[in-house]
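In the two assemblies presented below, chain A is common to both, partnered first by chain B and then by chain C.
Moving on, here comes the complex of A and B:
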């Protein structure tokens, strides 16, 4: 067992990947066996993520490097005698560990929820193959140290996500949503690939650490940055590149919607890695920062105000999720702008932006799962035809309001803790930013009060089926996510100190360590 | 372990929770000193609907999701008409936004940054 510990980064990818290919085969043995197998794969993946976090804590904060193929490391002598890091490698610092933990948590809860949620649906074998493939690709995005592998994993997320979004093909809008998402993801992927091609042509390597040391800010580098920024920004669903997201989140099965949020966050992580590590010290941080702040404000405002307009429960949550991407961008944008002037407050904003990623994943995940349970019970997602579910789904209604209050940044839930850091950091840059952020949170509370009132309060609509509480198999994952929401809210200091601050430090100060871990021997 | 500090302010949920608990206890104490005239099963327990009669069909009691905030949405009609116009649901428009963002950022990064 201990011999496997050094290989945890590879196993983190290999286990769900193997599970994805075996799921349809195991499915031949019956639904229960397949579900047990998928649950085991997801549990082992989560355990590996936890083991990776523990192993990282034991590495005194220096990045963990895992190189595929051969005991001699990555230095392959080329004909010219020059050594270049060209092998497939995973490079894991605190930011990567943070992202892996988010993915493991949400995919585990969403996967367990889906067993009961999709029990009456056919095509489960293919669903779980794609679900595990999406899990693999998101984790791969988050641990790879090579830009081309990053692109490969990005493409796998696109293919798997589109299959899952269109899974409910009997609903007329699901295939349309999948088609739109496939088009936009492909477009984003093409420009990311173009950027990678430009960087390879310019610098002769694709290793992220190598590129970070080689990039000097030439015109080609700036064009590549543009392509990466727009491609990853689109996949992260930043306004005005967000329009695919409500279609995708709205039409996908509820557990998939929760995982799609993590998928967008993985692209956001890629954007952060590009800005802080690969282009850190070269790109104009203040310009980038103000650009991201502007994008953040538009994303927050448009997300919240359009959410208020929605009468489809899942699209309402989808626009709420978009607005939260804006809060993450606001924290990071403020950090970039304040690097030269007020670095202390910039770091606080960065902590807030990063902390909000895990908080958002937990509360949006919880909201999508509770919405899934409510829609399953009501047989519709139209807010004008729903109502009174709290009479029979008491625990689900409590869990929904926990997620909603957390997302709206109401204390003492986790959303408030991260937004507090974002408000404080952005206030130091410009009070207007904090005012917009606070007012948008209040508006978001109004949005979710509308949803709660429409779905759970009042009498049951005439002719509605008298269903009971959501089944235990769906309740348990929702309760786990609610426990995270409450736990992170009541003890924010504990989690900020142990997982958020190291992740923020890795982005803020860790560029040299990231480069040195790969190129130290060169 | 519980609180966080931003360097400008602090947030401690446990202290906040204790404060709320204290206020709740105080409110209960004050309430216990009030009149005890509440009677179950009388008109006191009926919902107050701005003086209107309670609808006979239960379905009419519920304010549907689409009816909430109509005044605010109506007041912001000019903004919402514009925003609706941008969210066409047509894939060509999604791609156009992508190309537009690409061109704008390209100019910004290459010529300015």
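Moving on, here comes the complex of A and C:
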């Protein structure tokens, strides 16, 4: 076993990938065996993520390198004596570890939830193949140190995610949503590919650390940055490129919606990596930062106001999720604006933006899962035709309100902890930003209280079936996520210090370390 | 024979045609074609910038001595991108089939369950 420890980064990808293609075969042995197998794969993946985090803590903060295709280093020297890093490699610093932990947490909970949730539907074998493939690709996005490898994983997330969105093809809306989302994802992928082509043409390399050291900010570099920005922003669902997101989150099965949020966050991570590491120091950070701040404000505002108008429970949560992407962008945008001077409040905003990622993944995940349970019990998603579910689903309704309060940034839940950091950082840049962010949070609370009232309170509608509490198999993952929501809210200092600050530090100061880890030998 | 900048112009034309299709066509299958056109344009661009005038295929063992080679990496990129493009096209078309089964039409203006 100890011989495998150095290969944890590769195993993190290999285990779910192998699991994805074995799932349909194991499915021939029966549903229970397959579910056990998928649970095992997800658990092993989560354990590997935890192991990676532990190993990273032991590496004293310098990035872990894992080179594919040979132990003898990553540079294949040419006859001319020139050597550039050309092998595919994974490079993992604190930010990557942070993202991997988020992904492991949410995919594990969503996967366990889905066993009971999808029990009555057919096609489960293929569902789990796609589900594990999506997990693989998200993890791949988050650990790779090679830009083209990044593109490949990006496309795998697109394909697997759209397969899952359109999974309920017997419903009228699912294929339409999947078509729409796939078109947007394909466009986003093409933008990223074009940027990669430009960068390769300009610098002759695709390794992220190599590019970071080679980029000088020429016109071609700027054009490539624009394409990367648009492509990744589209996949992260920043307004005005968000129109696919409510369809995707709304039409996918509930556990998939939770994973799709993490998928968007992985693209957001890619954007951060591009802006802070690859283009750190050469791009016009102030201009870029203000652009992101503007996008963030629009995203928050549009997400919250459109959520107010929704009558469909899942679309309502989807717009809530959209607004949260805005908060992350706000924190990071404020940080970028201040990066030339590096004041303390910029770092606080960055911490807030990054901390909000895990908080959002947990509370939006929780909301999607509870909504899935509620929709399953009520047999409809229309807020006007739901009601009174709290009579039978006590625990589910409590979990929903926990998620809603956390999302709206009410103490003592986790959303408050990270939003407070964002408010604090953005207030010092410009009070107006903080005012918009706080007001939108309050509006969001109103939106979710309305939804809570419509779904769980009041009388049962005429003719509604009397369902019981959500089954245990669905409650356990929801309780785990709720525990994360409450735990991070009660002890924010502990988690910020352990996982968030190192991640923020890796983006804020870690550029040289990231480059040195690869190119140090040259 | 050198083609000059012709391949770059061709790839730009393909991309522009694709964008035109995506913006102004309403048939779901035509939209898939538009996406494919953009993708092909980008692929052509990748291969073109990797080309060296009078270069040979970048295989060391068979290369004649003192010959220029075209860049190998863009070709690898293009191959990968073509495979991915095939997968996305197939997936999109299968969704279009499902949409047609539900709605009896491929007209994007008539397929609008998802609004707001």
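The definition used in the following text is that the second predicted complex is superposed on the first by the 518 of 522 C-alpha atoms of A that agree within 3 Å, B and C clash if a C-alpha of one lies under 4 Å from a C-alpha of the other, contacts with A are read in each partner's own complex, and residues count from 1 in each chain.
Everything below uses one rule, namely that contacts are C-beta pairs under 8 Å (C-beta built on N, C-alpha and C of every residue); 3 or more make two chains touch, one makes a residue touch a chain.
As the structure is a computational prediction, the values presented were derived from the model and not from experiment.
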Contacts of A:247 with chain B and chain C, given as first, second, both or neither: both
Chain B versus chain C as contact partner of A:180, first or second or both or neither: both
Touched partner set for A:219, first chain B, second chain C, both or neither: first
Chain A residues touched - chain C or chain B, whichever exceeds: B
First (chain B), second (chain C), both or neither touched by A:57: neither
Touching partner for A:445 - first (chain B), second (chain C), both, neither: neither
Partner chain in contact with A:43 - chain B first, chain C second, else both or neither: neither
Touched partner set for A:309, first chain B, second chain C, both or neither: both
Partner chain(s) touched by A:229 [first = chain B, second = chain C, both, neither]: first
Partner chain in contact with A:200 - chain B first, chain C second, else both or neither: second
Intersection of the chain A residues that touch chain B with those that touch chain C: 179-180, 183, 187, 247, 306, 309
Residue ranges of chain A touching chain B (in the complex, touch as defined): 179-180, 183-184, 187-188, 191, 219, 222-223, 225-227, 229-230, 233-234, 240-241, 243-244, 247, 283-284, 287-288, 291, 302, 305-306, 308-309, 311, 344-345, 348, 383-388, 411-412, 416-417, 420-421, 424-425, 427-428, 446, 450-451, 453-455, 457-462, 489-494, 496
Residue ranges of chain A touching chain C (in the complex, touch as defined): 86, 148, 152, 155, 158-159, 162-163, 166, 169, 172-180, 182-183, 185-187, 189-190, 193-194, 196-197, 200-201, 206, 246-247, 250-251, 306, 309-310, 315
Residues of chain C touching chain A in the complex: 22, 28, 31, 35, 38-39, 42, 45-46, 49, 73-74, 77, 80-81, 84, 87-88, 91-92, 95-96, 98-99, 102-103, 111, 113-114, 116
Chain A-facing residues of chain B, complex: 1-4, 6-9, 11, 13-14, 16-17, 57-59, 61-66, 68-69, 72-73, 76, 79-80, 83-84, 86-87, 89, 91, 93-95, 97-98, 100-102, 105-106, 108-110, 112-113
